[in-house]
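To start, the structure under review is shown below, and the notes come after it.
Each chain gets a letter, A, B and C, in the order it is written, and its residues are counted from 1.
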Amino acid sequence: MRASRLALVGLAAVTLLLSACSTDTPTETPPGDQPAQTADGEWFVRADYDRELAQRDIAPEGDAAKPYLQAIQPEWVDTAKFKKDGGDATVCFSNASISNPWRVTGWITMQQQVEVLKQSGDIGEFRVSDAGDDDNKQISDIQAFVTAGDCDSIIISPSTTATLTPAVQAACDSGVPVVVFDRGVQTDCAVTYIHPIGGYAFGADAAEFLVENLEPGKKVLALRILPGVDVLENRWAAAQEVFKGSGVEILGNEFTGGDGAKIKDIVSQYLQRGDVDGIWMDAGDGAVAALEAFEDAGKPYPVFSGEDELTFMRKWKETGIKAIAPVYSNFQWRTPILAATMILKGEQVPKEWVLPQSPITATELDDYLARNADMPSLHYAKFGGEDLPGFPDAWKDR
Amino acid sequence: MTAAVREASKASGPPPGTRRSGPRFHIGTTALVYGALVAILAVGAVLVAADGKNLFSTGNIVDMLTRSSLLGFIAIGQTMVILCRSLDLSVGYVMAACSLIAALVMNGSEANVPLGIAAALGAAAAVGLVNGLVITKLKVNAFIATLGTGLILKGWLDTEFAGPAGKVATSFQQFGYTRISLVPLSTVVMLLLAVAGVLYLRKTRAGHHIYAVGGDTDVARLSGIRTDRTVITAHILCAVAAGVAGLLIAARFGTGSALVYDYGLDLESIAAVVLGGTYLMGGRGGIAGTVAGVMILAVLDTVFNILEVNPFYKDVLRGAIIVVAVAIYARRQLSARPSRIRFAAGGAS
Amino acid sequence: MSTGRKFADAGRFLISGSGTVYLVLIAIFAVIFVNNAGFFEAGNLLLFVKKAAPLLILAVGQYFVIVAGEFDLSVGSLVGAQVVLAALLIDGEEARTWPVILLMLAIGAGVGLVNGLITTLLKVPSIITTLGMMLVLFGAIRLLTGGAPTGKLSDGFRVLGNKGIIIESVGVVPWALFIVIAVGVGAVFLMRSSFGRTLVAVGDNEKAAGFAGTRVWWVRTAAFVLSGLSATVAGILVGGYAGLTSQVGDGMEFVAITAVVLGGVVLGGGRGAVLAAMAGALTVESLFTLFTQLEVSSTLRPTAQGLIIIAAVAYASRERSRRHTPHLSTKPAEPNGHHPDRVLKESR
């Protein structure tokens, strides 16, 4: 008899439990969203590539002195339904991480922007969750914001595109205006998706500069950081497209993890086996180490594409190399905060907010170096925060 | 390095001369860990309340439990392996591989869900088997063997996938998101797995063998236990647990992802296991303690998140707390400490 | 001894368990030579030494800890923290170079001391202690710099890792080479001294060593201090070689442990020679070079690395256990003083 009673109790317990079941599964992502990788090779989508390259030449709308507010070909959406009177909004931000100097720079800029808006009363509380590059944690962080229920706006910088999509969808479903920036997700449910032109443009800017400055038959070495990160893979995919048929020979593409020692070693080894006339990098980390490899080997400097990182730019000035610094507009960290406040005031914002992205060329080098003269070495020149009250100390004394 | 010395130190209880302190009840290590968990919850609640929030709100409890599931699966597996004096550093890679296999096999269709689960867990078991064989037959020490396996997997993952791939069926995503009132389904599964593990270790012969092998391999072998088989089984179980973690990842993400091997879960799971009172030299401890260890880390994580602690400060605090907590337990294990032949050639011996 | 006998003994040593690493090293160099003889030109070889120097030094430090039966997982973070700290404090001022280097050495020793004391006195397993220390160092240095390294390393600082002296007919001989030789010689002498023998004894059987009167806790702590110091020196070299980046030091601890194990040092302590550990480090570095030379796909390298590591350690393990059957040998000690059954003699 004990067994059957036990069974009954167990059954009752299970039924009770099941009745308490609830789920936070996001609704199915609506069809019609473009997947991240399709035909034309894993990371290359022809349509996106053409669009981004064209966007480079389109003049953005808005004040050129405030590039973080400019938008290319904006399609405005109405946000009147999100209007919240009285200011003092609670803005919640789910950050992928601050695990590299680019993100650290942007984060400081964002915090300074928030200070300004706190002064003006638009923002009351700014809540932040840092996921440490862990997708799973970020999903939990976003869920926590949604369940807390008191966020007036949720800003998300997703750590990976595909995997964060359900979480972003869930945030949208909760009715709170969602702003996505930096990497995107595979749903367009957010009120606005803020980003500079994109990876294809970055890679193409760099590759085109190399092609213009090198004769056919010259050799280029590509240095990449990590596989599998879509923003970086798009850059390389675009570069390959540009290099195709240009006559320039690609010696190889190496993953370096951004580690200076590895970069220097790899470049040295290539130099031992022959000439390297140009270097293409998908990000600026360790650019100086690559240049030093040439110095140590006693070989002439290559044509170089780096990034708007200050150590590289200062080395560029010092050595007088032929170089270009493509940017991934660090000032994009200001825009989401401004967008959130705009939305909460009922102002219109672009559905997809494409920020300008133009590389720093030799003619602009001096200007940017002057503007960032006091900044630490791993700072990014186009951080866009010169007019914020905390300048320059907030960035200088991190 | 004679067996005699080892035996003498193992066989006795507290060595002569240890003071028998105060009251005669013996607080087991597991109880101590749960006590620590309660203490941390209390301190956390106070700190959070001082900040104007409630640690025990629905959202926060769900948060804590969700954060514990992933690490929980891996730590349960790691416990098995550490108990028999071995180690598994390939768990992160197994998790990534299984998430991808599950997502790719399922390919969005409901019908393929069981097949996807089976494929993922089967692959995990295969990796565990390889680990076990390399350790026992090739006599490579566990640190190197599992590090090597992990690297082999890493190369395959980076070459074939480079990031997310595959699509999980919608119904399977429930695994990652459904809650039974406060408790996420994933946590329930984790706890069920823990209970199964505890029963396995305490009630079955194979489980007792794991403790025996961990306690003293030579004695176990001389007693007729097939030590190789025990170690291999433990590694297979560990890998399968990592495979379940991979399934959870696939469910949460809606897709598989190769990048998850970077989450540092290998070292974190070892920390959770040791925090839970399991002895790194093997032979002592158990899954109950590990679950508490995992919960401690999850509570810390949640509290830090609510208080918006600077992520770097988080690292410092976690490192310090882990060391302090283990220092407190380790004191209790001063007695009967077998001599050190950790990771000697011969694998788990 | 006749030359034939010497060769036979050398050959036997190479295929023995302890000699595996040298065998692998020779094999790798042979393949590199076939593929690109230019590697062995003086200039390129010295460049290789410059690059390999940090790991060689790190392997020595890790050797002390492993032979004593412990782990040091914090060295990667320590190397990174040291380089970033140096940049922060020096900030380009030449005059500050040497005071900062002295401070770094003190900090390195201090970190090792803390690791050692926590492991020996508080009885925390070294995996946990050094894991905790790794997290603490990682977080602390970033708290100090706000998340990204600031400052600048002076040229004087970078000379050690990057420059050298010019020797006629050879070219630039890097300072790093001299430092590596000095550290290697020092380590060999240290292991032959009573401290070294005690270290091995402690790793082999700490109870017996304790009964024999050793202050086990002091010897182990000293091993950690040596590891911390070696991490500092490695940091100076790596900072000199590569400059300031934000990921410096990441993952170095695993590579160092791999190098030491490849060198035949047994995890768990009590066996192994420091020169073999350095040979292990050379093997790992030359393996990376080989991969680049053969243009092995970047993403497949970890797989090749994993296979080679397992194979090398498996082979050494098999050889060692084969020769473990005790046999009385009347022939004189082998050329390098290696006789696997005689633990104390083996360690240097």
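Going forward, a residue touches a chain if its C-beta (ideal position, glycine included) is under 8 Å from a C-beta of that chain, and two chains touch if they have at least 3 such contacts.
Bear in mind that the values here come from a model prediction, so they are computed numbers and not experimental data.
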{"item": "Topology of the chain contact graph, where touching chains are joined (line, ring, star, complete, other)", "value": "complete"}
{"item": "Of all other chains, the one whose Cα centre sits farthest from chain B", "value": "A"}
{"item": "A-B against B-C, pair bridged by the larger set of C-beta contacts", "value": "B-C"}
{"item": "Whole-Å separation of chain centres (CA-atom averages), chain A against chain C", "value": "38"}
{"item": "Inter-centroid spacing, chain B versus chain A (mean Cα positions, whole Å)", "value": "34"}
{"item": "Whole-Å separation of chain centres (CA-atom averages), chain B against chain C", "value": "30"}
{"item": "Overlap residues in chain A, where contacts from two or more other chains coincide", "value": "98, 227"}
{"item": "Set of chain C residues in contact with two or more other chains", "value": "147, 299"}
{"item": "Of all residues in chain B, the ones touching two or more other chains", "value": "158, 162"}
{"item": "Chain B residues within the chain C interface of the complex", "value": "1, 5, 9, 134, 138-141, 143-145, 147-152, 154-156, 158-159, 162, 267, 270-271, 274, 280, 310, 312-320, 322-323, 326-327, 330-331, 333-334, 339-346"}
{"item": "Residues of chain C defined as touching chain B within the complex", "value": "69, 73, 118, 122-125, 127-129, 131-136, 138-140, 142-143, 147, 203-208, 254, 257-258, 261, 266-270, 297, 299-307, 309-310, 313-314, 316-318, 320-321"}
{"item": "Parts of chain B lying in touch with chain A, wherever the complex brings them together", "value": "57-60, 62-63, 66-67, 70, 158, 161-164, 170, 173-174, 176-181, 249, 252-255, 257-260, 262-263, 301, 305, 308, 311"}
{"item": "Residue numbers on chain C that touch chain A, as the complex places them", "value": "36, 38-39, 44, 47, 51, 54, 145-152, 162, 238, 241-248, 250, 288-289, 292-293, 295, 298-299"}
{"item": "Contact set on chain A toward chain B in their complex", "value": "17-18, 20-26, 28, 36, 42, 97-98, 127-130, 132-137, 139-141, 143-144, 147-148, 160-163, 165-166, 227-230, 233"}
